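There are two complexes below, and they share chain A, which is joined by chain B in the first and by chain C in the second.
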Partner chain A sequence: MAKGGYVGKILYLNLTDGSTKIIPTSDYEKWGGGHGIGSALFFDLVKDKTIDGFNPDNLVTIMTSPFSGTLTPSASGRTEVQGIGVQAYPIPWFTRSNFGGRFSGMLKFAGYDGLAIHGKADKPVWINIINDKVTIEDAKTLWGLDTHETQEEIWATVTGSKDARDWWELSAKRDGGRSTQKSAVLCIGPAGEKKNRNACLLHDAGNAAGQGGFGGVFGSKNLKAISVIGTGSVPVADPAALFATRLELQKRFGYNVDDPTLESPVPGQSLYGIIEGHPGYATLTWGASADQPARPQGCMGCFKNCRNNFASGLANGNQCVEGLYWSASGVLSEQMAATTLLDKMGINVYDVFYAHGWLHGLYKQGIVGPGKQIDSNLPWEKYNTYAFIEAFTKAIAYGTDIGKDLADGVARAAKKWGRWDIDTSSGALNMPQWGFSEHYDPRLEVEWSYGSVFGDRDINEHGVNWHVHWMPLVRGAFKQDPLLSAEALATAIAKATGQNDPKGYDYSAEGVYSDAKIEAVAWHRHYTRFWKQSLGMCDWAWPMLINYNAGEDHEGATPSFEPRLYKAVTGNDLTWEASLELGRKIWNLDKAIWVLQGRHRDQEVFTNYVYDVPTVAPYPLPVFENGAWSFGTNVGRKLDRAKFEDVKTRFYKLEEWDSTNGWPTKAGLGKLGLDNVAAELDKAGKLGVDGK
Partner chain B sequence: MTPKPLSAPSEELVRHATRELGYTERLSVHKMTAGLGNAAVDVYSFPQLVNTLFGTRWDRLLAEGSKESLTWVDVDGLVAWLRDVAGDVDLADAVAVAVAGEEGFKGQIDAMTPLFQERVTQYQAVLNVDGESE
Partner chain C sequence: MTDKEPKQVTRREFVTSVGGVGVGAVLGGLFLRGFLLPDQVLAIPASKGYLLIDTKKCAGCESCMLACSMVHEGASNISLSRIQITQNPFGKFPDDITQSQCRQCPYPACVKACPTGALHADDQNGGVRTVDPAKCIGCERCIEACPFTPSRSLWNFEDGHAQKCDLCASATFMGEKGGPGGMQACVAICPMKAIKFTTEIPVQKDSGYAANLRNEHWGNLGYPTD
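Coming up: the complex of A and B.
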């Protein structure tokens, strides 16, 4: 039944026999939405959790949240994708990815809280969802098209080539619905068709679910695309309260374009936008918006609109690292074209981001090139030209030249070429855990690196990072004082999280191993599992631990606004503490799935460079040293193996896992209401020992 | 201290300084971006150095100036690289003088920008490079 943010149905599709069925959302509402429901569906529907991601029995869930399609600020447009991935190395874990845009809202307007896709079609297909009509269509004419071409072809099919501004009838029924909208399409490009482990799912111009290799999983299922359009609506328990809360949030915390509280010394600068949040700031191609006509662009219902659409049509809707894929020529239009090519080919930028520079170094050493140890006829001598990056990117997408190996993921290619151990020890190949590229420094920003190694992927959660690292770095770059002192910053974050111990945000050489830090890492896992990944709250807005547009103390919207928004949409009261406990429950369910896949404490380690190679460049973070707080430069730092092992032991005990192997225990799972999960672990001989 | 004007480079020096380098001659520079944190970039030529440090193609530095990219380079290492690898002793000495007393890396980059602009002008004159061409 549709109520309080849920539209009541989860659509299950079995591609093997073409059957569909409805799973009542009410069976799973206790998990919140998004990730929580996806994990629970996976646990219930996939009996053998040890299967490979390419196995037809792998279940891919594509979930919305109660907030999707509503006016909940920066929480309406995200879609959570889960299943056994194909990217992580050496074991592709059950994993997640997430993309923005308008797919989640459109899915709910069609009447579905999510999709669960099982099986494998015997020929290429696409799924066509028009309100309650679901058909599996032949994708013969789509196979081979890039992601943008695919969407244009589907739009022409679904809407009958109507002009984008025209009304069109969704069905022949009298009340079948009318729309001016194009369907929301999630699709794969050539990389996904070839089952690449670094293939992404792409929606609209540049919304991608990259990490995990779900593009390759779609390819293995012969699934080219999912198109959805609906004309329904989402029930909101208290629309007036939701609207009022949104307006209050925007007024207190949003960037005021007419009278900004904080402005970049260089107008419109993207990097400064990380702390003041002007529209379009997330496009990290320097000067791009000043280079040509552009307008801010955002996901459904967002109040920030952090991205840009450009007059050139290149790099539309892109944000963050995607825009930084390649810039070696120094020509902005070529940088933007390289980004666009990635999207069209359907490649996950984060797997290949560092690969071209790393391989160029090997070329310089005489290891890569024609007839060399790593045989390649790509134009390495033209590395600084667009011709190179175009050839490199297409080689990966189509599996030619060394792209044949790179299509298996950079980590596996490195292993095949005999470079993995050498180059992850030197740091030349900076993949700290599970074969994922380094994001923020794993030796320093440890709630990021610990969270990643205790999980399944690079966590990609910036809520703490913006403040502890970017604020002091950006302000310092412009010779400005930090907006908060190191002590005030650590204190404010600790207060917002509810931990109240600023030492949780001490990044000194001792602080990264403290009990307070471990509690901060656990808080981060639990918060994000519920609010970000299950409720779909966008990483570039939530948690709002601090806000530099608000007041002199810069107090942010977290933790007061999340429960208010939840109450307004669902009608249910949820305390802050209960929400974090629900996040812990979801995190524990995920951990149990990883254990069933073969996870053991001994695997949760970093590659050698994290322990052996010291940091070189300044990296401001709050540190408490010699009895005083400051923003340290943190040069010369590395993690200590023995101290990190001790961190693991204490983290496991905090989570009530068996510290000898990292497995969840009967008592710990029982407290979370996960007795059924404990029983399955016990049956597999993988239940941890209580109190050990 | 204000660096003294750079003397005009010879064609031999310019061609030597702008050549493509080998692996052991590279210079490591760190770009600081909100998407990545600190990312090491190996520089294999003077033009690539300009692009990496200032965020624009080397022969457009005059027209576009710095794009305010946050780039960190060990200044002592840069000076040594300019002197010993690129072979441009005058530029190396001038950079060393210009950045003396500058504490922040942004200030260091700002201090050396006019020197690189002046040097690029001189290099272009020698090489007859048109900075407006693609």
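Coming up: the complex of A and C.
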């Protein structure tokens, strides 16, 4: 049992009958936190895993980690969401998303390690958590409001004002505690209310749980929002150790804002932050200031503070692609307004940000337009004006014009319009797997694409990608040499992961099919399932395989700091190896759920462009070719179908899954203490055969 | 006689008006020891330490609140933090995020208001205005008396006493020596280096200490340095 980190209770709510109960966290503590506990709760509480995401029996878990609400650097602010998704195509898998901000800390301060939401309310409701007082409130006056309006109305209800900044009493008497804070709210906008498959959950200005369509799942439960405020304490096993470790980490690896060791050679360039981690770099291509005064803005407990708040108040808190939603007018204020509109409507940017460009291309071909094959009266001729993106975004949110089809997710819309096969074959619609938009080149960055197709979604885990792709790309963009040679980079990453074979980070035409690569993919699945998704360590800081601010060898905080932080907070010792094994356990549990949902190896394939269309643009990645390491340009590359199938077979064997179908085996699950999972698979006739 | 009678100033009016709000006077450099009031002589030494916060540099990460509560209480709890960061996620910079640190007022209304001397200027720790929990009777007059919003003296509802920023003099869980001669957790932890400790009495303004801790490197990031 941990001596710190957990606060002891998981709040289970049944929206159908309005009942609540407490599940002791101790029953699930062995799963770590976050996604691990969320998946375990799902496995236990949802008997029929084949149900649809919109089914009231779908359990949505919203989980903190032991690190939430503590000083653990860039691990205090994330909240993990689990449940059967509605976005993925053709089968919406049990999936996960997460979001930043201050929700997880607040939930811990209120006394809960997580929430488990079952059932469906018979009319729109919101959940109001004030310490141990939990009420299910009528959301009649909130339904129809956008995500920002919803939060302001809830703050006015809970704290007495939309922007109070004074002490307020949480209960009738002073012993209930006081706070100066607004409640932390997670809500849906019009898109979620309409049960859109690409609707997100939104918290504060721009923290979104985007992928998976959980906004639509909330909508199907008639759940408009969850508000939480607490005044309790999160225990820390060794506060002095946590304090000292945090200071050491900041000093060695952080960006010193007053005297940085590495600084962007061009003022105001966000992109360089991928290398040195300066505050506000999450607005990427804009530059931090976006032509107006601004400040960096960060999630609770972060030491990087990657977002921004602006003088206009638009696009506050936006992060990465969220801010890149639409930029066709070339006017930054309009780009910011588009992002804010998207956030207010509550739409997952990652599903739609390529879509308007793809459709505009079809418009130019005469396929989209009034009376055309894809009938649309949106102002396509004014694509590079704000009026267009406003109309496009609202059409999706409210289900009008082609928004009616796009509300089912871009993949389903493409299928309905007869464009899915042709455009994913040419690459015009770059959705490599499960109907998710391409993130990095699936033909090249294979621990990303393999990890995605073997899983449930686009992985969105940058720990390796920052170094193998972005570092050489950004340095090159600034006409600088890479900070590490390709060989040194591959060696450093392999050392930090514990794999110790640099060939795991060889992205050559041979390297992407090697045993070493498969081991690297497996490491990535296991690390991320535990440290990132169960312990809440943020993707923009962890794993820290390399750090460019630190020393000549650029050694990062991984793997030594994660167990140190874990010990300081929980009081428990956890070896690096044991942590990866826990990640493997959680990954296997997820796999079992997918198998129960109907997963078979034949489905784990990419769309045609990945195999048939060669890369055309230079894409730096370390490659070992002709006996030497270099940063290759990797042009003319595609994935070989047969070789990928062989990779799949070898990956399954490595994970002790039946290689004929990809199903976990009794032997494999037994080693992980998952005999009960094996039994359920067996009962469903889906247990893999040992040794196959 | 045409002059009016001289206006009587009550002790409360004097202290409230001068304590930190509406001063407009530069106090830095002055060595204040005490002053004569209608019915009492006050002799409260100035604090030997103050927290300056650059209100435009703060990123609202609340690491200071997490640190402050942890080093004092041994657990993480922003409701018990002696520095408070409040924000409107939809607000317009620079009014989006507010930082509320104790000013260690030269004329501390909280010390004046305390009937038991629990809230006092601690001469063992450089005159820092702090609460002795053993003497606190929970009347909350210090909280009422603080001229700032939110009040810098706050109610510890877990242990039943007032508490306030003591510049980490009693931060027993920090693992470092605190107080005006030592480390302050918030100063050390702030990843934006937006909090600075100073021994000089800062310029008093209604809105806060005017502090600009941003140098050319901040400007290089694209942020304003004024």
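Everything below uses one rule, namely that the second predicted complex is superposed on the first by the 682 of 692 C-alpha atoms of A that agree within 3 Å, B and C clash if a C-alpha of one lies under 4 Å from a C-alpha of the other, contacts with A are read in each partner's own complex, and residues count from 1 in each chain.
Operating definition for what follows: a contact is a pair of C-beta atoms (placed from the backbone, for glycine too) under 8 Å apart; a residue touches a chain by one contact, two chains touch by 3 or more.
Note that this is a predicted model, so its numbers are computed, not measured.
For the composite obtained by overlaying on chain A, chain B and chain C can both be accommodated side by side without a clash.
Once the two complexes are laid over each other on the shared chain, residue contacts for A:A328 go to chain B alone; chain C is not touched. If you stand at the C-alpha centre of chain A, chain B and chain C are 100 degrees apart, rounded to the nearest 10. Of the two partners chain B and chain C, more residues of chain A are touched by C.
Once the two complexes are overlaid on the shared chain, A:L271 sits against chain B while remaining clear of chain C.
Of the two partner chains, neither chain B nor chain C is touched by A:G668. Touch criterion not met for A:P92: it reaches neither chain B nor chain C. By the touch criterion defined above, A:T180 reaches chain C but does not reach chain B.
Once chain A of one complex is fitted onto chain A of the other, the partner contacts of A:P279 are limited to chain C, with no touch recorded for chain B. When both complexes are overlaid on chain A, the residue A:P482 reaches neither chain B nor chain C. Once chain A of one complex is fitted onto chain A of the other, the partner contacts of A:D204 are limited to chain C, with no touch recorded for chain B.
Following the chain A superposition, chain B and chain C show a smallest Cα-Cα distance of 13 angstrom. In the superposition on chain A, the residues of chain A contacting both chain B and chain C are 269-270, 287.
Per the touch definition, chain A reaches chain B in the complex via residues 266, 269-271, 274, 284, 286-287, 320-324, 327-331, 353-354, 357, 360-361, 364-365, 381, 384, 430, 438-441, 445, 469-470, 473-474, 476-479, 615-619. Chain B contributes residues 20, 22-23, 26, 28, 30, 32-42, 44, 47-48, 51, 55-58, 60, 67-70, 72, 74, 104-107, 134 to its touches with chain A in the complex. By the touch criterion stated above, chain C contacts chain A in their complex at residues 56-63, 66-67, 69-71, 73-80, 84, 86, 88-94, 96-98, 100, 143, 149-151, 154-155, 157-158, 160, 173-176, 185, 188-189, 191-193, 213, 215, 217-224. Here chain A touches chain C in the complex through residues 69-71, 76, 102, 105, 109, 148, 151-152, 163, 165-167, 174-182, 204-205, 230-236, 239-244, 246-247, 250, 254, 256-260, 263-264, 267-270, 278-280, 287-289, 293-305, 309-313, 316-317, going by the rule given at the top.
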